[in-house]
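Pasting the structures here.
The two complexes that follow have chain A in common; it is paired with chain B in the first and with chain C in the second.
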Partner chain A sequence: MESNGNEELSRIIDELKSLKTEKSNIEHRISALEAQLRKIKVKKDDEMPNSNGSCTSTVKSFVDSSFGHGLSPNMIYRYSRHLLLPSFGVQGQSNLVKSSILVVGAGGLGAPALLYLAACGVGRLGIVDHDIVELNNLHRQIIHTEAYIGWSKVESAAAACRSVNSTIQIVEHKEAFRTSNALEIMSKYDIVVDATDNVPSRYMINDCCVVLGKPLVSGAALGMEGQLTVYNYNGGPCYRCLFPVPPPTTACQRCSDSGVLGVVPGVIGCLQALEAIKIASVIGEPLSGRMLLFDALSARIRIVKLRERSSQCKACGENAALTQQQFQNFDYEKFTQSPLSTSPLKLNLLTPTARISSKEYSEKVAGREAHILVDVRPTHHYKIVSLPNSMNIPLPTLEDRLPEISSALKKEEERRGVNTGSSACLYVICRRGNDSQRAVECLHKMGLTSAKDIIGGLETWAHDVDPNFPTY
Partner chain B sequence: MDAIGTENTSKNVDSTHEGNENTSVEIKVLFFARARDVTGLTDMPLVVASGSTAENCLYELMSKFPSLKEISNCMVLALNEEYISESTIVKNGDELAIIPPISGG
Partner chain C sequence: MQLTLEFGGGLELLCDSVKIHKINVDPEAGVEKLTMKHLLAWVRTNLIKERPEMFMKGDSVRPGVLVLVNDCDWELTGQLDTTLEEKDVVVFISTLHGG
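Showing the complex of A and B:
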């Protein structure tokens, strides 16, 4: 009976798996065909005066340029609520339709920014990203759907934008934004939206905007806070005027390490779309020379007046004159001491004898070897998931809590009745295997020279030992 | 000489007006982003000698929170929501904001 049940179970799981793959392929085919169909329809619509189809070719002569603003009947209907705004109107919309905007990053900031920019009728919208859609993106990157997990973010975002507005041109740049391609890509657009998630990209995009004289709508979000500024516009400062020295790597945090409340980049991304629209349509007072600070927890928005353009600035200062060649040769990863890619840091601090693999550790557990496992992650990480029988001692408290480790080791030795001469082992684990190495270094210094770290941390444990162990 | 004399008097008048302490001023410090993480605070009152600059205030803060040093080269300082340089003198009741950049997205 039981073996029958198991067979049944694996048959169902296999069938589900293959059906899901099939479903995802069909969904992609449908969306590609729909996009094609829309393109054909748009061409036809543009040839016809009225999208409602109520009056057709007889009044064709009215259309084209006869209204004096270049907006087709289709556009007039689609963007009517914009046209009804006295301060925006036909002029604003015509400007918008003629503009081109590049959004670098189709993540938490880029998601809402792209959707609004597509919806509002920007003439040409470029999307740069080299990442793929992952399940842990979806809580904030609302442009992507479950069907696109594992697919390129650019393809996913472009499909979503096209399904909102098939009448605009969407350009897919499925590549990492680097000094080698930045000038070429950016030069084709009027306005740049920085929706990236790392320090070197922010300096690189800023410098490229300065070199090419493009306004930069820069947004950032982490945790419960967001920041927004328009740089290099109307004589205002650039990013380097404010932050000539990059932050140390210890102060650079990523959403994948520190977390972010999904709606926070959503708010900032929407505001980025708003600022880009204001610049493109030439209305209002863009956020140049000012920085908006959004505090989600206290529901506060502050706007701080910024400094003027710095004459000493290495990018836009009086004697700077950053050339395209200099930009292309600049090493942004070296300058900021952090990688352009989002892949997490991989430290290698210890000698191989001070480390064991997660597989080796699982064998030691199975062999009931006398040992203590110290998990040095922050407590709120430990609460998400942890290995059985581990003790949580967050890295910053390690030194103070050394006696706890020593007494736990003693207890384990007594409990297991370890023979004199040998002793219980001490293993250290963290999320990805960096902090565990730092901890082992510290433990060695404090005399616990047998301490070893588990290479690659819980992520590797989940990958190599227990596929059902949750990752985050 | 006259001008200096007037300045001194007006300073004295000011500080007596604002409180009994005529040798110190109290400001409110606002922390953002990483500054908020390392201090564990969103804001705090800070008493400094009158005539102190923003740099003096930062020095005080760093002795209270040594880990603030980490971001001391990379932050915007704003006094009452306007960018200032470190040499700006703070006055009683001012709000000094410490704004390191966020890079996430």
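Showing the complex of A and C:
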């Protein structure tokens, strides 16, 4: 009975696996064919079904010339709710259809921004990203679906945008945005949306916008808070006017370290789409010279007045005259002391003798070696998952709680009946193996010279020792 | 003088994770008006519980922190020389970079 159940289970799992692969292949085939179809359709212009759903092959000259606003019958029907808005109307939509917008970053901010920009009928929509879709993106990057895990974010986002609106041009830039390609990519667009997640990119995108004279819709989100503003628009300030000096690297938290409530970048991304639409369609008052601060927990939105364009600004100031050449030679990683890519930091503080691999540690556990394992992650991380028999002492409290470690070591020695002369070992672990090195450095200074860090932390443990150990 | 101070963008972590502080602070002896410069020193002594370098640099805020007096960038009101009035609201916000 038992073994029958197991067979049944593995048969179902196998079949599911193969069906999912098949499904993903089919979906990609569909999106490739759709792209081909679109190219052919662009040539044939407007032979889409009209409002009645019947397919009329419209006389081309009638479509192009008779209404004087460049909107085809199909567009009139698709965007009718925009056209009905007195403050938007035919002129707004017509401006939108003729505009081009570049979204840098197809993550938490870019996801809703791209969907709305595609849906609303922006003429040309560019997407830049070099990342791939991962499972832990999906809680906030709602443009991506499970079927696209492992695929490039640009391809995934472009397919989603096309499925919403197959009549606009979507340009895929499957590359990292760098000083070497930024000018060339950005010069093809009217408006830029900064939906990136790091400091050097923000300075680089700002400067590129200043050099090329493009308005920049800038959004950011972290934890439970978001920020939004429009830079370099209509004489307003640029990012460097506000932040001439980059923040210290310790002040630059990332979603992968600090967490983010999925809907928070969603809200900011939607507002970025809104600001970009306002600029493109020439309606309303874009959020230039002002900043919107969103606090999700207290449900408060504050809009504050910002300084004016600074005459001293290194990018847009009176004597700045930042040239394309200067921009291309500027080292943004050096300027901000942080990497453009989001790959996590890999410290190397300790000598090899003060370190141990996760495999070696697992052998010590199996060999019942007398030891203490200290986990220096924050307590809310420890609550997600931890190794058995570890003690949680967050790094900032390490010095104060040194006596606890000493007494735990003593207890372990007594319990194991360790012979006099030898002693219980002290191992330190964290999430990725950086804080554990800082902790070991600190422990060495405080006299616990035998302390060793487990290289690569729990991520490496999950990778090399226990594939079932959850990562986050 | 009664003021409301707000910390955001992660700066609240430096003051026991409390975002809004209703405070009472008076100008230095012999001075009529309370300035932002004095308020910053007061905040550093009385509210900042850890890593003061994440809040201040020299006698001003560190790069990447926006200071808003009654919802207005302090660059427009005189930065450190901004004088404060009863019931003013001062916001300190660290710029975010995530997405």
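Note that the second predicted complex is superposed on the first by the 426 of 472 C-alpha atoms of A that agree within 3 Å, B and C clash if a C-alpha of one lies under 4 Å from a C-alpha of the other, contacts with A are read in each partner's own complex, and residues count from 1 in each chain.
Criterion: contacts are C-beta pairs under 8 Å (C-beta built on N, C-alpha and C of every residue); 3 or more make two chains touch, one makes a residue touch a chain.
Because the structure is a prediction, the values reported are computed rather than measured.
Student: Which term applies to chain B and chain C once both are placed on chain A by superposition, clash or fit?
Tutor: The answer is clash.
Student: Could you tell me if A:Q337 is touching chain B, chain C, both of them or neither one (first, second, both, neither)?
Tutor: neither
Student: Kindly classify A:S258 by the partners it touches after superposition: chain B alone (first), chain C alone (second), both, or neither?
Tutor: both
Student: Just to be sure I read the superposition right, which of the two partners does A:S24 touch: chain B = first, chain C = second, or both, or neither?
Tutor: Touch partners of A:S24: none, neither chain B nor chain C.
Student: With both complexes superposed on chain A, which partner does A:N392 reach: first (chain B), second (chain C), both or neither?
Tutor: neither
Student: Looking at the overlay, does A:Q328 come into contact with chain B only (first), chain C only (second), both, or neither?
Tutor: In the superposition, A:Q328 touches no partner, neither chain B nor chain C.
Student: Under the stated touch criterion, which partner chain does A:S406 make contact with: chain B (first), chain C (second), both, or neither?
Tutor: A:S406 sits against neither chain B nor chain C.
Student: Counting contacts the way the document defines them, which residues of chain A are shared by the two interfaces, the one with chain B and the one with chain C?
Tutor: 105, 107-110, 195-199, 202, 219-223, 225-227, 242-243, 245-248, 250-255, 258, 260, 265, 291, 293, 295, 298, 302-307
Student: Using the touch definition from the top, list the residues of chain A that touch chain B in their complex.
Tutor: Interface residues on the chain A side: 105, 107-110, 195-199, 202, 219-223, 225-227, 242-243, 245-248, 250-255, 258, 260, 265, 268, 291, 293, 295, 298, 302-307.
Student: Going by the contact rule set out above, which residues of chain C touch chain A in the complex?
Tutor: 8-10, 19, 50, 53-54, 62-66, 68, 71-73, 75-76, 91, 93-99
Student: Please give the residue numbers of chain B that touch chain A in the complex, ascending.
Tutor: By the definition above, chain B touches chain A via 32-34, 36-37, 42, 70-71, 73-74, 76, 78, 81-83, 97, 99-105.
Student: Along chain A, where are the residues that touch chain C in the complex?
Tutor: 105, 107-110, 195-199, 202, 219-223, 225-227, 242-248, 250-255, 258, 260, 265, 291, 293, 295, 298, 302-308, 396
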